[in-house]
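For clarity, chains are labelled A, B, C and D in written order, and residue numbers in each chain start from 1.
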Amino acid sequence: MPELLSDPTTVDLFALAPELSVIVAALAILLVELFLPAERKRLVMLIGMAGVLVAIGFLIALAADIGGGSRAAFGNAFVVDQYALLFKGLFLGVAVFVLLLSYRYFSEFRTYQGEYYFLLLAAFVGMLLMPSARDLVMLFIALEIVSIPGFVMAGLRKFDLRSNEGALKFFIIGVLSVAVLLFGMSIVYGFTGTTDLVGIAVALEGAERAPLLLAAVLFVIVGFGFKVSAVPFHFWAPDTYQGSPVPVTAFLSVASKAAGFAGLLQVCFVAFAPLADVWAPVLGVIAVLTMTLGNLVAMQQTNMLRLLAYSSIAHAGYMLVPFGIVQPGNAALNSDAFSAVLVYLIAYAVMNMGAFAAVTAVTRAHPGRQVADYTGLGHRSPGLAGAMSVFLLSLGGVPPLVGLWAKFYIFIASVEAGTPFGLFLAAMVVINSVIAMFYYLAVVRTMWMDEPLSVEPIRPGFALGTAVGGLAFLTVGLFVAVDLFATSANLSTLVAGG
Amino acid sequence: MQAAYPLTFAALLFCVGVYGVLSRRHAVLVLMSVELMLAAVTVNLVTFGAMVGDALYTGQVFALFVMAVGAAEVGIGLAIVLLIYRNRASVNIDDADLMKY
Amino acid sequence: MTWEELAITVTVFLPLLGAAIITFVPRRHEESAKSIALIVSLAAFVLSLAILAGYDWGARGIQFQLNVSWIEAAGINYHVGIDGISLPLFVLSYLLTFLCAVYSYHHIEEPGRPKAFLALMLMLQTGMAGCFIAFDLILFFVFWELVLVPMYFMIGIWGGPNRQYAAVKFFLYTLFGSVFMLVAFLALYFAAPERTFDILALQQMGAAGEFTANFQRLAFAAIFLGFAIKVPMWPFHTWLPDAHTEAPTVGSVLLAGILLKMGTYGFIRIALPILPDAAVEYAPIIGVLAVIAIIYGALCCLAQTDLKRLIAFSSVGHMGFVMLGIATLTPIGINAAIFGMVAHGVITGMLFFLAGSIKERYHTREIAEIGGGMVKTMPKMGVVLGLTAVASLGLPGLAGFWGEILALLAAFNPAPSLVDAGYLTLFRVLVVFGAVGTVLTAGYFLYMMQRVLMGEPPERWSEAGLRDISPIEWGAWMPLIVLTVLLGPAAFLVTGMTTPDVTTIMTTFLGG
Amino acid sequence: MSQVAWLIPALPAASALAIIFFGKRMPKGGAEVGILSLAIAFVLAVVVAIEVFSANVAAVADGGEAFLTTVGVELFPISAEAGINAGIRIDGLSAMMFLLVTFVSLMVHIYSLGYMAGEERFTWYFGLLSLFTMSMLILVVADNLMLLLVGWELVGVCSFLLIGFWWEQKSNSNAAIKAFLTTKSGDVGLVVGVITLWSVFGTFDISQIIAGVEAGAYNEGLLTFGLVALVLGVVGKSAQFPLHTWLPDAMAGPTPVSALIHAATMVTAGVFLIARLYPVYSAVPAAQATIAVIGAITLLMAGLLALVQDDVKKVLAYSTISQLGYMVAALGFSYTAGIFHLFTHGFFKALLFLGAGSIIHAAHSNNMSDMGGLAKVMPRTFYTFLIGSLALMAVPPLAGFWSKDEILVEAAAAGAYTGNLVLVLGAIGGAITVFYMTRVLYLVFAGEFRGYGHPHESPQTMTAPPVALAVPSLFIGLINLPLPAFQPYAFSAWTMFSTEYWVTHPIEFSPLIAFVAVTLAAAGFVVGRLMYRDAPVGDADPMLRLGLPTRILQEKYYLDRLYTDLITLTLVRDKLGAASVWLNDRVIDRIVYLAGAGTVGFGRGLYDVADQKGIDGLVNGVGQSTRWSGGRLRLAQSGNVQLYAGAMLAGVVVLAVVFAVG
């Protein structure tokens, strides 16, 4: 295994360019913010936006450069391939929208703008690293770079007890799960003698299945399970979502979760692929529990953010379904499952981001964040309510919105598996989709069919309006291109690049 | 073989950490328990690093990373605890139950 | 791209475009949404007539075909086309939408807001028409579901006092069914020897016996659930009376006129040809349920005190005749079903228009409140209601007759495969019950006419100066009245179109 | 001429449209259009009849085939092979019906000019009359059963509209609904029968069906079923026992309507249908026996009912039912006897109804107890009514004598139990007929006027049509004189459906039967005169003083109560309908609701129990056990973060065990 021994000190600046440009922007924000008068501080958002856009530019250049191949740095610990690029593109796209969401919110919030944008970009650096990480160490670092700024951002509303509390819960559960993850990683390292993902796979192939090793594999998966808020590692999510500033919640429920899935994909489909017959059923069961619990509890919520929190738990459940059908050695099936997760992730990012964008707009007029605040929104701000309806219906899976297509891929993959368990998973997705419609529809109904509380329209402002409109457009129109996502980055590129 | 001793030690350490996280009411003690868990990981990594003996000293390097990141984490954690203490004059973890269900 | 290839796409998506345009109408000029909707729906209707004019009546198979790849990874194509089975319903959907656009000049229920209302209506049009031209299961499904949302809003915002309940019930009921349907579609995709969602390809495989009996049974059950809820067949009908009763007039008209037909159309287009063996097994069940629906719908109608609810329940019975025709698996039965669908669309659409206008004038739907004597207070409205009611009860010479009698005729002589399976006697018994159903149907309609049209009008209505049919209403209704009368003697307008393709689609069953 | 016989129904169709759309703007409210079109149609009918009848006479003379012209087109296809046709079938039967329908209709049109004068919906009335005539003519002319069915249903709905013409009164609309629904119930049989015949012969075409029967290639059981089912339709439409109850109620309509629809034409549709399919029926003895028995029961039962009526129109209505019974019974064994009675009866019953209308018009009441002595004030009405009555009483040589006598002769010739039943009941029925008509004559025309106001003779338009109808009532019986020498040129030859049938079923005369019938009739008259010479009414009326029999008859054998109360109201509307709604709202909907509510409740339960108590409780348990071991523990309800952590770790442990074992 020559690449195992490749020099870990090699650096490919071009391959690292997107990360570097975001880092530069983050540092620039910290610096510039010091010299701006209080009322102009919000402009640092533009620096962040510039950094993200430059990173997107580099991303495009990288995509053109690697073609079907890959570039690597730090030995083989950091790899840029099509898979990584797709995720990076997703993250940077989400970053653009999170920045748009944050602009008005934090400029009215008035404090810690520089810190917030710095932390946000720092977290995105971690995300950009995540899909490229092909080494346990690198994965761990990327995960922590995503998490640690998240803890701070969740507690950014310093004088709100709820925010404090949300941050604390997030922190404790996060740290605990990282500890478990690390414990697992250390044992895996001990068994395989390497931290390289492909190396681990090679070592696990045909190795004796010691119970301790299997437990360690589970520990590693649990670490990511926390990030994607799978049951029973989901407890922090509703409280933290409720307490955090809304843009941060959006970040947590979309970007952070996507990063978790990126890591989970790499760990499961590369490193632990030989043990798929062990972890797949467990993840399948977790998927069912996650979506069922998420949906059933979401139904009870009166707080909009908690509702979306449980909804996002449920969606994590859907996304875990393809993991449940993976079979060792069945390349075609695994590739389908892999694509299904990717497509769902992208769709989920678009529609959930949209929902949070709309919530951000409404929260400005109604800080209480109750579902009741949305009563008669359709009469007050038809555009906003229309967009929100599109997002919610898409989350519910109403065609031809993008949410349906995402579910569709999961259906196909799980039926494709042809096993009773696969069919069971498909059936659970079906049943859950119907259950989920209850609460999505309830919100839609409240928005359109109840008498409004006031006639005063809610104006989201330019940045937020652009975000809402753009995301609504994507939610409606993306179905034209779902195929592209499914085919552009399939499992083979990840495995080959690893 | 000698590796059994440090590994057992690490496992015990981890369990103590877990126990602490679950049972201590004082937030700082909880943070310390987390540190114990991370320490267990570090012991594990160093042991395995020596046992595997790979050329890159991955285990040891990994341990360093864990320590560094652990320090950062605890820093953030203490900051959050401080924040809570300032707002409600209590560092009891189970007082933080404003949001539930 | 020629006109032949683009015709359907343009016609189907034009209303959606219109809906998009309407949303950009500023609120100050909300009234101008009506003219836009009128122009768009008229243009779309004219386009559909152009397709009708360009259609080769004698030919079999689909025309105006366009088949391009859409989602290649999953084998989903944008495959559209039209044949004799879909053409009548396709054109009818455009006609009804156009008439609804005309009618909305006359009246839109509280809270008004024509902009949103008409945009939804046009969206609905795209979904409805799309269902009839889709030759790819997934495309079909998308259009099928596309109908759901606008109708949900129509009922939920512009509906009666109990609108929210009705809207949610409608939505979840249909969604429930359609999810099963989607699963069945996927199952077909995977079970096909050559994976495809193409309806025509799957039909050929179905005819060639590529699907095992057990698979067919399961797949048919799932598809059945989806379509049966939409039709609605007894006992999946309970969403219908609520939805109809609460829906605004235009919503009821389109719901009864087109939406219900999507279910029956689905049976003819998808369920029967792709799963012929299961169809033979399920046909007796469908037949029995259909006849139960006929009798049951009529009995429920007798007990109704609410005019609109009565009409809604009458749909259950009428669709029962349609399903009975389908259950026979014979060309005559299918022809009867399609004719029944068109006739029901025209007649019941008209009845709902009338119910809406009556509600608008009397401010009540309660028959007792109306109190009779409408022929005196509003002679024209009364006569039109009377004519439509007798058409609905199946009077020969009017549109409602052929669908019923031919369905009975077909049921007396079901397909050879059903006879071989020993169901001949069952079907003949069903004929007798179905015929009894026609009497009950006549009964409740006459009873309704007696209570609404005849007698001396209560004083408050005779003095209220109720306005008779307005010119706009005449405009919206005249085409339906003409069709109601015309489709009786000129039934070839439908069966002439359908017969070749019905024969093609039924060949599997004809052999036994 | 017969090629263009479709013009005969087309004319009233055109006039119906013209009247309904433009009638209000015409000087006579549209009536003139109706009368004109009917007059032309009548002329055409005469021309067609001459052509057909002479051709048939010629056929008899040279042994050729009976006259038959069919012209048809396919209306639309219903499958690759089959289609629905529209076509006309002209033969002796349809030519005869043309004559009857157009003539009576024309008379009724003219009569209505006076009778309906000043009526609010005058135009609408004439529109309906034309529409009805068109429908009836479609029924008559149809060359296939489907088209016949169309006409059949159309006359039903016209009848509904005309019975309920004065719909302001609930009783009228009730009667209309009753009539429509009762006949429609019978139509179940018709529909099933038509479908069955299609199933047997693969066609609706009457010629082909007859050809099929002659070829003998049919499923006999199915055919019998179909024909018996058709009889059910006949029973409904022609008001035969037990579905006759609608006809007396139908008298709620304007009297001219009763004359046209409920005496001469529509109610004979059933008789016509059997006659139309006579060759088919004659191949199935069981069906023929059914017909004969039903007819026999009806003729007697209805005749008895006529005895106790006070309403003059109801007497005539029951009399009509009774006479229809004769026709139906006759068709059990003889084609010619049946349709001959149909033909003659059409004229004199229409005459009687028009006369009754005139009387009612004058007395402002339907009840005979409010009449009396009208012979003096309205002589023209009296004499025409008398002629009609005598014809109905079968007094020789008036129309009714010949046709009724023919039925009895044929019944005697047919023998067997059906023939004998018809013979006996028919003879008794004849006496009853005479009796109740005698009662009517005395109560209405004799004695002093008992009503209110001053009755006077009706206007010209209302007296001329009865006069015109009196002529055929007097003489029309002579066209089928049962003389062997005359027969080749008589009615039986004109209307035959095949030469063979005419040859094998000669019309004969039996002096014995004629004598017995006349004797019975005379007895009836004598008894009637004795009882009603002094025009006793009300409680004095001997027929109303018979106790139980009167009661039974007045309650119409309780059949109506059975139908209306028990079936229609109790069972269908109140019980079954309510039951269905109950089933709908409470059961089916409830199941769905429960499923929905169950899911919601399950969610709530899961949320309360599983999430909050179960998972939380599990969490509590895990947390507690750790706390115990630490020695400083209490039951802690709050303290969430650590419970979360505990749950998470518990999950890890459980999964780890699963993993390690798996």
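Here, contacts are C-beta pairs under 8 Å (C-beta built on N, C-alpha and C of every residue); 3 or more make two chains touch, one makes a residue touch a chain.
Since we're looking at a predicted model, the values are computed, not measured.
J.: Kindly work out which chain lies most centrally, taking the average of its C-alpha atoms as its position.
T.: C
J.: Taking the mean of the C-alpha atoms as each chain's centre, how many Å separate chain A from chain D?
T.: Averaging C-alpha atoms per chain gives centres 76 Å apart.
J.: Could you tell me the distance, in whole angstrom, between the mean C-alpha positions of chain C and chain D?
T.: The separation of the two C-alpha centroids amounts to 34 Å.
J.: With chain centres taken as the means of their Cα atoms, state the distance from chain B to chain D in Å.
T.: 95
J.: Could you state the distance in Å from the CA-based centre of chain A to that of chain C?
T.: 43
J.: Among the residues of chain D, which are close enough to touch at least two other chains?
T.: Within chain D, the residues that touch at least two other chains are 607, 611, 640-642, 645, 649.
J.: Hey, what residues on chain B touch two or more of the other chains?
T.: Only 21, 30, 93, 96-97, 100-101 qualify.
J.: Two or more other chains touching the same residue: where does that happen in chain A?
T.: Residues 168-169, 172, 176, 180, 239, 300, 438 of chain A each touch two or more of the other chains.
J.: Among all the chains shown, which pairs meet the touch rule set out at the top?
T.: A-B, A-C, A-D, B-D, C-D
J.: Taking the complex as given, what residues does chain A use to touch chain B?
T.: Listed in rising order, the residues of chain A that touch chain B are 5, 8, 136-137, 140-141, 144, 148, 151-152, 155, 158-159, 161-162, 164-169, 171-172, 175-176, 178-180, 182-183, 185-187, 189-190, 193-195, 238-239, 242-243, 300.
J.: Going by the contact rule at the top, pick out the chain B residues touching chain A in the complex.
T.: Within the complex, chain B contacts chain A at residues 14, 17, 21, 27, 30, 34, 37-38, 40-41, 44-45, 47-49, 51-52, 54-56, 58-59, 61-62, 65-66, 69, 72-73, 76-77, 79-81, 83-84, 87-88, 93, 96-101.
J.: Which of the residues in chain A end up touching chain C in this complex?
T.: The contact residues of chain A facing chain C are 339, 378-379, 382, 386, 393, 398-400, 404-405, 408-409, 411-412, 415-416, 418, 426-427, 430, 433-434, 437-438, 441, 445, 448-449, 482-483, 486-487.
J.: Name, in rising order, each residue of chain D that touches chain B in their complex.
T.: Listed in rising order, the residues of chain D that touch chain B are 607, 611-612, 622-623, 626-627, 629-630, 632-633, 636, 638-642, 645-646, 649.
J.: Provide the residue numbers of chain D that touch chain C in the complex, in ascending order.
T.: Of all residues in chain D, those touching chain C are 75-80, 82, 84, 146, 149-154, 157, 160, 164, 167-170, 173-174, 176-177, 180-181, 184-185, 187-188, 191-192, 195-196, 198-199, 568, 572-573, 576-581, 583-584, 588-589, 592, 596.
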